[in-house]
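Note that chain A is present in both complexes that follow, paired respectively with chain B and with chain C.
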Partner chain A sequence: MQELLDPVVLGQLLIGGLLAGALYALLACGLNLVFGVMRIINIAHADLMLVGAFAAWVLFATLGLNPVVALALVVPAAFLFGYGLQAVLIERVVGRPLLASLLATYGVSILLVNLGLLIFGSDYKSVPVWQGSFVVGEFVIPKPRAAAGAVAVALALGVYFFLERTRLGKAMRAVSEHPHVATICGIDTRRIRMIAFGLAAAMAAAAGAMLSMIYSFSPLTSADFIQKCFAIIIIGGMGNFLGALYGGLLLGVVEAYVGGVLTTQWAEAVAYLLLVLVLLVRPTGLRGAADVR
Partner chain B sequence: MSVRQLAVAAALVAAAAALPLVASEYHQSFMLQLFMMVALAQAWNLISGMTGYVSFGHAAFFGIGAYAGALLLQYGFPWWLAVVKGALIAAAVSAPIGLLTLRLRGPYFAIAMLGLNEVARIVATLWVDLTRGGSGISLSPALLPGLSVNYYTMLLLAIAATALVAWIHRGRFGLELRAIREDEGAAEMVGVNTVRNKLSAFVLSAAIPGAVGAVFVMYTSYLNPSSAFAASLNIQMIVMVMFGGTGTVWGPVLGAGIVMLVREFLWAQFPALHLALLGAMLLVVVLFLPGGVMSVFARRKRMRPEVITRESR
Partner chain C sequence: MTEPLLAIRGLETAYGAVQVLFGVELDVHPGEIVAVIGPNGAGKSTVIKTVIGLARSSKGSIRFAGEEISRMAPHRIPALGIGYVPQGRIVFARMTVEDNLEMGAFLIGERARRRRAVDAVFAQFPRLHERRAQLAGSLSGGEQQMLAIGRALMLDPRLVILDEPSLGLSPKYVDLIFEQLVDLKRQGRTLLMVEQNAARALELADRGYALELGRNRYSDSGAALLANPEVRRMYLGGAGRA
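After this line comes the complex of A and B, so read on.
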C-alpha cells in the first residue's frame, strides 16, 4: 500500500491511464457520433474496432507494415465499409423502434465475431513493433503506448474540429440536433447518416489498429470493449462528442489505479460498476442532454 | 386460446410425453435441449417481448439457477427441491437488479443488462470458495436423477413457461404489460402501476431460467463459469423469440423448434459457423420480418400482427 502513495508510482499510473484512456475515447467518440446522428446504439461498434485490429495484423504479417503506417490503408477502407454497412443494413432500422436497431446491430456483431473466429481462430494475436520505452524524468513510457495515445488524441481532435468547423461537420451536428429541421434546410440526412457511420467505423478501426500494438486480441476481445464503450458514453453523456472524450480518459485513469491497487480482474469490472453507478445517479451523464432518457 | 390451439397444444404435449418410449437417448437429449430453449425463449419473451424492455443478460439467471442447483445437490438436497430453489434464488437475485435497472428506459436498460452476464461470470470465477472458480463443479452420478427425470422435468418447465405466457397474454396483467410497451407514459397516466408490473414480469422471467439452469446441471453433471454464463445462450434466446414472433404465445415455441433443427443439421464441427448463421438469421428477421414467422400466419388470417410499434424516443 505504502508504495502506491509514492508520487512516481501515482504519476506512472496516471500516464498509463491517460494513454489507454485516449484509445477508449477515440473508440467511444464514434459510438456517440452514431447515436447522436441517428439515435441508434451500435452494439457492433467494438467489432468494427477488431476489424481494424485484424487488418493491421494482416498488413503487418504479410507486408511488414507498422500499424501507424497501415492507418493510411485501414482508415479509408473502414470508412467505406461503414458507409456500405449503413447503406445496406443500418439505414433500414433508422427511425424504427429501439428493439429493431439494437437487435440488428447485435446481429451484425454476432456475424462479425464468428466470421472472425472462422477466419482467424480464437488464438490471441499481437503486432510486436517498437520495442523499448521513452524515459522522461522518472517516468517510463513504452513506445507503442506513446504512439497509440498520440494517434488517438490527434484523430479524436481532428474529428472534433471537423464537426465544429467544416460545413459537412456542421450539417452532421444539425442532423443530430433535429433531423426534420435539418431536412427542411436542405441537408441530405441519408447521406449524412452514411458519412457519420463511415466516420465512426473509421475511428473504431483506427483505435483497433493502435490497439494491436499494445494488447493481444482475439475476435472475442470485443465483448470487453463494447462494455467499456457503453460505460464511457453513459458517463460522458449519450450523443455528446466531448463527453465521450472525457469519459474515455476518466475510465482509463480509474482502471489504471484500480488495476494498481487491486487486481486486473477488478479493473475489468470497474467499467461496469461505474456504468451502473452513473445510470442510477445521473442517467444523462456528465454532459448529456436531459431529453435523451 | 382457441379450442384448436388447445388441441394442437395437447397433441404436442402428448407426443413429447410419449417420445421416450420410442426414441433413442440421443434424440431424447435433443428434445430435452429443445424444451430448455422453449422455456428460456418464453422467459425472454415475457420481459422483452411483452414490455419492450430488451434484456441482453438473461443468461445470468440461468447461470445463477445452475450454480444454486449444483450446490444444493452437493449438499444432498433432493433434485426437485434443487430445481424449485434454483427458481426461487434466481427470482430473489433478480428482484433488486430489476428494481434498479427497470427505472431506466429504452437504451439505458439494454446497456445495463448487457454487462450483467459478464459480471456474473467474473463473480463466479473469483468467488472460488463457493463455486471452485474456473475448475468448475463436477457432480457425482449418485446425486443425480436419470435422463428420464430430466426429460420430463424440462418438458414440464417448457409447458409451464408457455402456459404462464399464455395466461398472462390473455389477462389484464398482459394487457398492462403491452400498454407499457406501446407507451409507458400513457399507461402510467391511465393508472397502470408500471413499476409493479415491470418488476413482476422481470422476476417471473428470471425464475424460469433459474429452474431451467438447475435441471441443466442435473443433465450435464458438470458446471463452470463459462458454461453457466454462456453468451451464446443469450443470443439463442433472442434469435428464437424474434424468429418466431415477439410478444406472442406460440412464436417462441416455433422459433425454438426451427432454430434447434437448423442447429442440428449444421452441428458441432462448426460452432462458429452456427453462431454466425444465427447472427445472419437475426438480421434477416429484424430487417424483413419484424413480426417473426407468427406474423405470416396472423396476416393470412387478417389479424393484426404483434409488431412492436413503440417509437424509439
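After this line comes the complex of A and C, so read on.
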C-alpha cells in the first residue's frame, strides 16, 4: 500500500489514466453531440468505434498502414457513412418518441456486430505498431498509448473549436437549442443533423482506430464501451460536449487509480459507482445541463 | 394602391385533426404596419407560423412578392426577405449575444459581410453591443426580446413578422419594445405583428385585422378599429385602454 503513495507511481497512474480517458472522451463527445443536436441516444455509437478499429486493422494487415496514418482514410469514410446513415435511417426517427430511436439504433448495433462476427469472427485482433515507450524523467509512457491519447485530445478539441468558433459549428449549437428558431434563421436543420451524425461517426471511428493500437478487440468489445459511454455522458451532463470530455478523462483516471490500488475487475465497475455518486450529488452532471430541453 | 408584399388568400391550417384557420385573408403592403388581433385561440399565431413555414396550410395561398411560398421548405423563407421574431422572445440562451446575431446572418456566407450586418444591428441597439460577449440566457426579458428583434433584422428583410412581441414582459419593457417598433416604422420597415395587447398594437398599426375562431372578423385602419365600439367590446376588454 505504501508504494501507492509514491509520487512516481501516482504520476504514472495519472498519465495512464488521462491517456485512456482521452479515448473515452473522444468517444463520448460524439455520443453527446448526437444527443445534443437531435435528442437521440445512439446505441450503435460504440459499434461505429469498432468499425474504425477493424478498418484500421484491415489497413494495417493489407497495406501495412499505421493506424495514425490510416486516420486520413478512416475519418472521412466514417463521416460519409454517418452522414448517409442519418439521411436514410436516423432522420426517420428524429422528433419521434425516444423508443423509436432506441430501437432503430439498437437495430444498427445488432447489424454491425453481426456483420463484424461474420467477416472477422470473434477472435481478438490487435494492431501491433510502435513497440517501446517514451521515458520522460521517471515516467514511462508506451508509444501507442501516447499517440492514441494525443490524437484523441487533438480531435476532441478540434471538434470543440469547430462548435465554438465556426459558422457551421455555431449553427449546430443553435439547432441543438431551438431547431425551429434555427430554421427561421435559414439553417437547414436536416443537413445540420446529417453533418452532426457524420462527425460523431468520424469521432467514434477515430477512437476505434486509436484503440486498435492499445487494446485487443472483437466485434463484441463494443458492449463494454457503450455502457461506459452512457455513464460518461450522464456524469458529464447530457448533451454537453465539454462535459463528455471531462467525464471521459475523469473516468480514465479513476479507473487507472482503482486498477492500481485494487484490481482491474474493480476498475471495470468503477464507472457505475461514479455514475451513482454523480446522480446522488449532482443529477444534472458535472457540467449541469439543466437547461437542456 | 401598390401590389401587396404579402397576400394571404383563403388560408386553412390544421394541427393534426384540429383545424385552426378557416379561410383567413390578409394583405401587407410595402411600408405598412399591420396588426393581427384576437382572443386566445383565434388563430393569430397560426397565421404567421403558416407564413414562415412552421405550420402547413391545407388550403389557400400565401404569396410573398408575387411568389407562392406556402409549400416552400421553411429554411428557405428567410432568404426571400422575411424576418421572424418568435413568440416568447426565444434566443439561443447558451450562445453569446454576438453569436445569436451571427445566426440571424447565417445565410451570409462571407465573414466580412456577416460582420458588417452584426455591426449594423449593434449600432441600432447599443445595449446589445454592451452585452455582446454575454450569454443570451443571462439577459433580462426585455433585452432578450431586443436580441430576437435584432436577429430578425440581420438579413435586412423586406418584411418583419413579430409574434406577440410584448407578451410576458414587464410594463417598462413593453414600453421599450413598442418604442423600438416605432423606430422600425420610422425606418420605413414593413411589419406584420400579432399582439395580445390589441390597443397598443392598433395605435401603432396602419391597418389591423381582428380574427375570431380562425376567420376574419373585422379589418380596417388601426384608428378605425380602435374607434369601433364592437371591436372595443370584443377585443379591447370593454372600455379598452385609453
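The rule is short, and it goes like this: the second predicted complex is superposed on the first by the 288 of 293 C-alpha atoms of A that agree within 3 Å, B and C clash if a C-alpha of one lies under 4 Å from a C-alpha of the other, contacts with A are read in each partner's own complex, and residues count from 1 in each chain.
We take it that a residue touches a chain if its C-beta (ideal position, glycine included) is under 8 Å from a C-beta of that chain, and two chains touch if they have at least 3 such contacts.
Remember, predicted model here, so these are calculated numbers, not experimental data.
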Which superposed partner A:96 touches (first chain B, second chain C, both, neither): first
Touched partner set for A:110, first chain B, second chain C, both or neither: first
First (chain B), second (chain C), both or neither touched by A:174: second
Partner chain in contact with A:187 - chain B first, chain C second, else both or neither: second
Touch count on chain A, higher of chain B and chain C: B
Chain B and chain C contact sites that coincide on chain A, given as residue numbers: none
Touch list for chain A against partner chain B, complex: 39, 41, 43, 89, 92-93, 95-104, 106-111, 113-115, 117-118, 223-224, 226-227, 230, 234, 238, 265, 268-269, 272, 275-276, 279-280, 283, 293
Touching residues on chain B, where the partner in the complex is chain A: 48, 52, 54, 56, 100-101, 103-108, 110-112, 114-115, 118-119, 122, 125-126, 231, 235, 238, 242, 246, 270, 272-273, 275-276, 278-283, 286-287, 290, 308-313
In the complex, chain A residues that touch chain C: 167, 170-171, 173-174, 177-178, 180-189, 291
Contacting residues of chain C [partner chain A, same complex]: 52-54, 73-79, 84, 86, 90, 92-95, 99, 102-104, 106-107, 111, 114, 137, 151, 155
